[in-house]
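First chain A sits with chain B, and in the next complex the same chain sits with chain C.
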Partner chain A sequence: MLSLLRTFWEILKHTFRRRLTVQYPEEKPYLAPRWRGRIILSRDPDGEERCVACYLCAVACPVDCISLQATEDKNGRRYPEFFRINFSRCIFCGFCEEACPTYAIQLTPDFEMGEYKRQNLVYEKEDLLISGPGKYPGYNFWRVAGVEIGGKGKGDAEREDPPTDVRSLLP
Partner chain B sequence: MISFKDIVAAVLTVVGVLFVALTIAAGLIWVERRLLAVWQDRYGPNRVGPLGLFQVLADTIKLLAKEDWIPPFADKPVFVIAPAIVMITVLFSFAVLPVARNIVIADLNVGLLYFLAMSSMGVYSIVLGGWASDNKYSLLGALRASAQMISYEVFMGLSLMGVVLVAGSFKLSDVVEWQNRNVWFVLPQFPGFVLFLIAGIAETRRLPFDLPEADSELVAGFHSEYSGMKFGMFFVGEYLGVTLVSALIAVLFFGGWLGPVFGLAGWARTALGIVWLLVKTFLFIGFFILLRAALPRPRFDQLMSWGWKWMLPLALANLLVTGAVVMTMSK
Partner chain C sequence: MPEVTYLDADELVINMGPQHPATHGVLRVKLKLDGERVTGSECIIGYLHRGIEKIAENRTYQQFAPYVDRMDYVAAVTNGMGYCEAVEKLLGAEIPPRAQYTRMILAELQRIASHLLWLGTHALDLGAMTPVFYTFREREEILRIFENYCGARLTTHAFRIGGLLYDLYDGFEKEVRKFSDMFLGKIDEYEQLLTKNRIWLERTQNVGILKAEDAIAYAVTGPVLRGSGVKWDVRKAQPYEAYDKVEFDVPVGRHEGWGDTYDRYLVRLAEMRQSVRIIRQAVERLESGPIFGKVGKIIKPPAGFEVYHAIESPKGELGYLVVSDGTTHPYRVRVRPPSFVNLQAFDLMARGHLIADVVAIIGTIDIVLGEVDR
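Moving on, here comes the complex of A and B:
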């Protein structure tokens, strides 16, 4: 019987406790920088697209919501001709971000993307591309990769020696 | 000779009581959700209208707009009539509730017996609803309801007999007048008050005695198959029951419309009496909701043994002691 009264008292004390509810539209919760939300395509520090259209994100995607088509520019740089994410399918698992070898595809702390028409949830490349480097400011894939493109020959990349002539016997 | 003035007064009382009772019952949907939220460190519905008050309206529109579905396997006439019974019986009980001095729909000289009879009738609604649904969960809920109501009905009546003995009348206005002359019944009849409170909770099927519903065991118990406004009737019927039991506790044990009058007289004093009754009623409604926030649901056998082995003997003992005291006092 006494324990009952104590229960009532304990519950009544909750009247003056701090509310745990976050009053969402007026009061936004803090989202960590690595929060998995709306997907973007970032650019490298030079302002070029990072994406090299390797298809790894499309392969990693468990719900097949990414589709793209690779092509090359005049310098021999691969880039996606189109890049499409169907957010009505996306489950925001972040596997695409993990699979990406160039930090191009990134998930952002934003989830307010409700739409009245399902079609509007299909984002094209111009919707996805942002103007900055996202979470990885200094990184430029082409500057560190050993691949030869226009304006950068073999061995010109950062921390890369000139290629060795393997057919020469000289040390 | 019944004068025109009497008829107008009677009609006004009926309409007034009906309006206030139904408004409170509907408003309790909001009150309960807000209070439960307060005690669970939340806000509850606060979006629709000021403080979320229009939530009631939104809920009602939703219930009315829903498809009025009757399961093909159900016993249709009984299925339809069952939710109405609970509303009707509870609303009938409001007839004997004295709102203020000389303001009551029907001041029966068997008022208390009438209330007990009506609350026993209410169990038909649940048993018939559960039976007509032709669903095992509904039937189990209905069976539990009938067993629980019968068990708790017994000492509910007995717990009130102490009050009746002392006041010397079954008439509710006489009970209040006795309290006006002497003292609120909660002091001389404290055990009776506690017993009636417990029986009242069981009678309205509120937590912790909501075994007929028992969401975690029986889907939704006797109203599993109900939806739309038929479910709404059960829902409002439950809240009407809570309001009625709270008002009766206020009338029987806490002096009904009695309270400080601040030197007022005439209609102002009557209005103040109604306010006092409302305040007391709402305190007990709040307590009902606190119970829901605080206590877990017992097992069914615990409920039954608690009722028969503790509450009934205690009610009888209370009656015995009260009777002895009344006898010695009257000698």
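Moving on, here comes the complex of A and C:
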């Protein structure tokens, strides 16, 4: 009998404690900055797509949910012709973000992706692309890469010396 | 238990599960009944089989790591730790101390979280509704630490082969210290609710008795084995990470040579206290330094090697056998899941008990069907 009263007393004490329930749809929970949620494609500070369609994310993906097709614009800049993520397969492991050499693909703190139709979980490039740089503001792959594209010749990149003239005899 | 016929009734076979809430997932138990009494049982598993071991053969070593989180989905961190360590053993890679202690802290937090989930649901099965609310409250704190550390709560995929991907976030140590200080008082709260409660004693004492020699014969590990009075813990017997550098005790049940459901309950509560002890020591020894060992981006172990590595998961000995064939894919991955092996002893424990006790016995083994079926 005493043991039961002790149990009741413990529960009675708890009725006066602060409530911990989060009233979810009205009150949003705090999500960590590292949260692995909905995947986005970001743009560099100039507003151009960061993705260079290198296929590393598609190769790293354990469930093969990313598909894309590379193409080039008239400046010689690579970009994906289409970029498709099937979120009904995605397990949000973050391998694509780890593999990405240009910080283009990023995982964001958002989990509210419920859909009534499975087909709606297939996100195309226009659904994935955001207008900002995401987690890495200021990074511009084409400006630091030594690759020549229209409007940026050899040696024009940041921290890059102009190319050496190998035919010149002078040191 | 002797085979006694009660009330001269005919034998009746009923199915418990796969949808019964007390079977913790999709376990189907075929019970042979004599009135209310169980005279025999058979566990039918496989409802959650996903062929994870076969999937491993078609994935690279790194790509398989998120899959192991989905076996024991209430203790994903320890699953991932076991797999990463097995592959590191295959590669002969050394892990820096900071990564080791971080892994230990997270694994022990995961052990607490898993035991809390077990305690809540086990008590709920036996009719005590309150503990589940209290245990989930503390489990939430742990999941929040995981969430801040690696961005996921359940299928964490926190470690990488060779070390860690993420370094600890600012305030991690403070949060973990705060949790470990707060948590010991909370265990006392659960004990206040259950340990001496008459109803709890009636439902758990002398229910599901497992003798030590039977437990060893059935290769039972983890708290079920220790509840039977056998002092065996992989962390002590074959230390991995830095478990040989921290002090902790291995709790055992009250009796010499046998144990019941109540013993296993006490062992798990004591284990949570020991986990807090380990966490406190590990947080003290965290020092700055590298978090990733000398492991390349492409993992290609030499051909023809096989490695068995076991860790102490919250449920028992979790072992991985990884066989390499010189490519980036494992030739074979075999998992020794503790739940699957422990479930074998179910029939032994259930015989002679009432149907209501079957619920207690399923709960006390602490099975996760994702791990049993894989």
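As a convention for this text, the second predicted complex is superposed on the first by the 158 of 171 C-alpha atoms of A that agree within 3 Å, B and C clash if a C-alpha of one lies under 4 Å from a C-alpha of the other, contacts with A are read in each partner's own complex, and residues count from 1 in each chain.
Rule of thumb we're sticking to: a contact is a pair of C-beta atoms (placed from the backbone, for glycine too) under 8 Å apart; a residue touches a chain by one contact, two chains touch by 3 or more.
Computed from a predicted model, the values in this text were never measured in an experiment.
*Asks:* So, does A:Gln23 touch the first partner chain B, the second partner chain C, both, or neither?
*Replies:* Only chain B is touched by A:Gln23; chain C is not.
*Asks:* Would you mind checking which one, chain B or chain C, touches more residues on chain A?
*Replies:* Tallying touched residues of chain A, the top partner is C.
*Asks:* Would you sort A:Thr15 into first (chain B), second (chain C), both or neither based on which partner it touches?
*Replies:* First partner only, chain B.
*Asks:* Counting only touches as set out at the top, which of chain B and chain C does A:Arg159 meet: first, second, both, neither?
*Replies:* Neither partner.
*Asks:* In the superposed arrangement, which partner chain does A:Thr7 touch: chain B (first), chain C (second), both, or neither?
*Replies:* So A:Thr7 meets both chain B and chain C here.
*Asks:* Check whether A:Lys74 is in contact with chain B, with chain C, with both or with neither, and answer first, second, both or neither.
*Replies:* neither
*Asks:* Could you pull out which residues of chain A sit against chain B in one structure and against chain C in the other?
*Replies:* After superposing on chain A, chain A residues 4, 7, 10-11, 14, 20 contact both chain B and chain C.
*Asks:* Can you tell me which positions in chain A touch chain B when the two form their complex?
*Replies:* For this pair, the touching residues of chain A are 4, 7-8, 10-12, 14-15, 17-21, 23.
*Asks:* Would you pull the chain C residues touching chain A in the complex into a rising list?
*Replies:* 59, 62-64, 66-67, 130, 134, 137, 140, 147-152, 155, 157, 165-166, 169, 189, 192-194, 196-199
*Asks:* Any idea which chain A residues touch chain C in the complex?
*Replies:* The contact residues of chain A facing chain C are 1, 3-4, 6-7, 10-11, 14, 20, 31-32, 34-37, 60, 62, 91-95, 98, 107.
*Asks:* Within their complex, state which residues of chain B touch chain A.
*Replies:* These residues of chain B touch chain A: 38-43, 290, 293-295.
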